[in-house]
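Could you have a look at this structure, given as structure tokens, before my questions?
For reference, chains read A, B, C and D in written order, and residue numbers begin at 1 within each chain.
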Amino acid sequence: MIHLVRQPIDVSALIGAVSAAGRGAIATFIGLVRDHHGGRGVVELEYSAYEPMANAAIGAILEEAAGRWPVSVGLRHRLGRLAIGDVAVAIAVGAGHRAEAFEACRFVIEAVKERVPIWKRERYADGTEAWVDPSASGGVRPVATPAGGAG
Amino acid sequence: MIHLVRQPIDVSALIGAVSAAGRGAIATFIGLVRDHHGGRGVVELEYSAYEPMANAAIGAILEEAAGRWPVSVGLRHRLGRLAIGDVAVAIAVGAGHRAEAFEACRFVIEAVKERVPIWKRERYADGTEAWVDPSASGGVRPVATPAGGAG
Amino acid sequence: MPSVQVLLFARYAELLGTPRIELSFEDGATVGHLIADLRALPGGNSLPERPFVAVNLEQAGYERPLQGNDEVAVLPPMAGG
Amino acid sequence: MPSVQVLLFARYAELLGTPRIELSFEDGATVGHLIADLRALPGGNSLPERPFVAVNLEQAGYERPLQGNDEVAVLPPMAGG
């Protein structure tokens, strides 16, 4: 299953894929590109990934969710350049009951943020760029000067 | 705001309505008509409401959510006859962060189930019908014979 | 005597055979008195003893005094969502 | 000497000036030795001391022995979702 896509994510199709006659509850999470981060205006960003590992890691997360709850889960994560308001990630969980749907959906987005090798480079209104790094103070690290470069 | 509708619910439009450039997280809950209830096969159902009170009650729930969390919430609940797989209720919550989006979404669906005067009559594969009643043993009560009727 | 509109829904409308009844009441009568009158009608004894009641779109207690032109709704257990 | 492919991503690729380096290693060398070699390259001293490493698509510890043709990926903090 290809979870990483370079085209706009079709949320309706994802919801349809986890809907079934026996499932009465669908919880979804959609992450959109925000126009700000850490007090700075964001104008655009770019997601990149270690694609084979990211696909495998997402697959393992979805399997873990389906093992812990009686649910069906779909996920798409976008790669490449995204504009403000674009869907960056979408998760849809179909379940018999709402508690399972909410719990599994929350589990999946938290696990994706922790375990999947995807990176985000933001471009700001002032023309500068940075790598998003949740472990850094301020949440970003500066773009690096290439080895052997002028700096 | 009209929260009760007799036409199919447009989930994408509801999601779009709570999306904004400053909001990075959208949680949704969608309730679908299931093909079974309490071990019986369901073929169709009909929702009815005390409409002015139901609209006001939903409005109050959405206001309460927006007061407790920094979120924007949209909700549609369908009335009339529905087939298996139809969307009965859809809730979309736009927020700056995912924790708020999930919490507010869960709060809204729980409150709708507790506080909004809407009723559901199910028709089963064996041709019988019943009123859904979460307080009854088995979750339903039989359709009543009208006063003065044969029974 | 003044009167109120009583709205019945879903299974309760079936039990009473109508979605709407106009009932008159004596001065000082409460929601509780009205429910007792309703349960004395044909089919009314199948209503629960203390159904959920709304007056003018708001949940109402049984001690609430009735006023002429109140809209009283008798609500079965809710099953939305 | 055997060698491994080392993949670098995002900011780490910028620091080293390349997304891919082939590094040879001595028998018995571990992931930890490879990271030390990498940090000795131009730009490599800006890497953290113990970056997250995957070998053949799986998270790997620093004591893991290297094998010829391993694909070693050095991963910056993840920022998906």
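The criterion applied here is as follows: a contact is a pair of C-beta atoms (placed from the backbone, for glycine too) under 8 Å apart; a residue touches a chain by one contact, two chains touch by 3 or more.
Because the structure is predicted, anything quoted here is derived from the model rather than measured.
Among all the other chains, which ones are in touch with both chain A and chain D?
Chains touching both chain A and chain D: none.
I'd like to verify one number: the distance from the centre of chain A to the centre of chain C, where each centre is the average of its C-alpha atoms, in whole angstrom.
52
Can you give the whole-Å distance between the Cα centres of chain A and chain B?
One centre to the other, that is 28 Å.
When the C-alpha atoms of chain B and chain C are each averaged to a single point, how far apart are the two points in Å?
25
Would you please write down the residue numbers of chain D that are in contact with two or more other chains?
Answer for chain D, listing residues that touch two or more other chains: there are none.
Give me the residue numbers in chain B that touch at least two other chains, ranges are fine.
Counting only residues that touch two or more other chains, chain B contributes 31, 109.
Just say which it is for the chain contacts: an open line, a closed ring, a star, complete, or other.
line
I'd like to see which chains touch which, written out pair by pair.
Listed by label, chains in contact pair as A-B, A-D, B-C.
Can you tell me which positions in chain C touch chain B when the two form their complex?
Checking each residue of chain C against chain B gives 7, 9-11, 14-17, 41-44, 46, 54, 57, 73, 75-81.
Using the touch rule from the top, collect the residues of chain A that touch chain B in their complex.
Touching chain B: residues 11-12, 15, 19, 21-36, 84-85, 96, 98, 101-102, 105-106, 109 of chain A.
Would you mind writing out the residues of chain B in touch with chain C in their complex?
Touching chain C: residues 31, 47-50, 52-54, 56, 77, 88-89, 109, 112-121, 131-136, 141, 143-149 of chain B.
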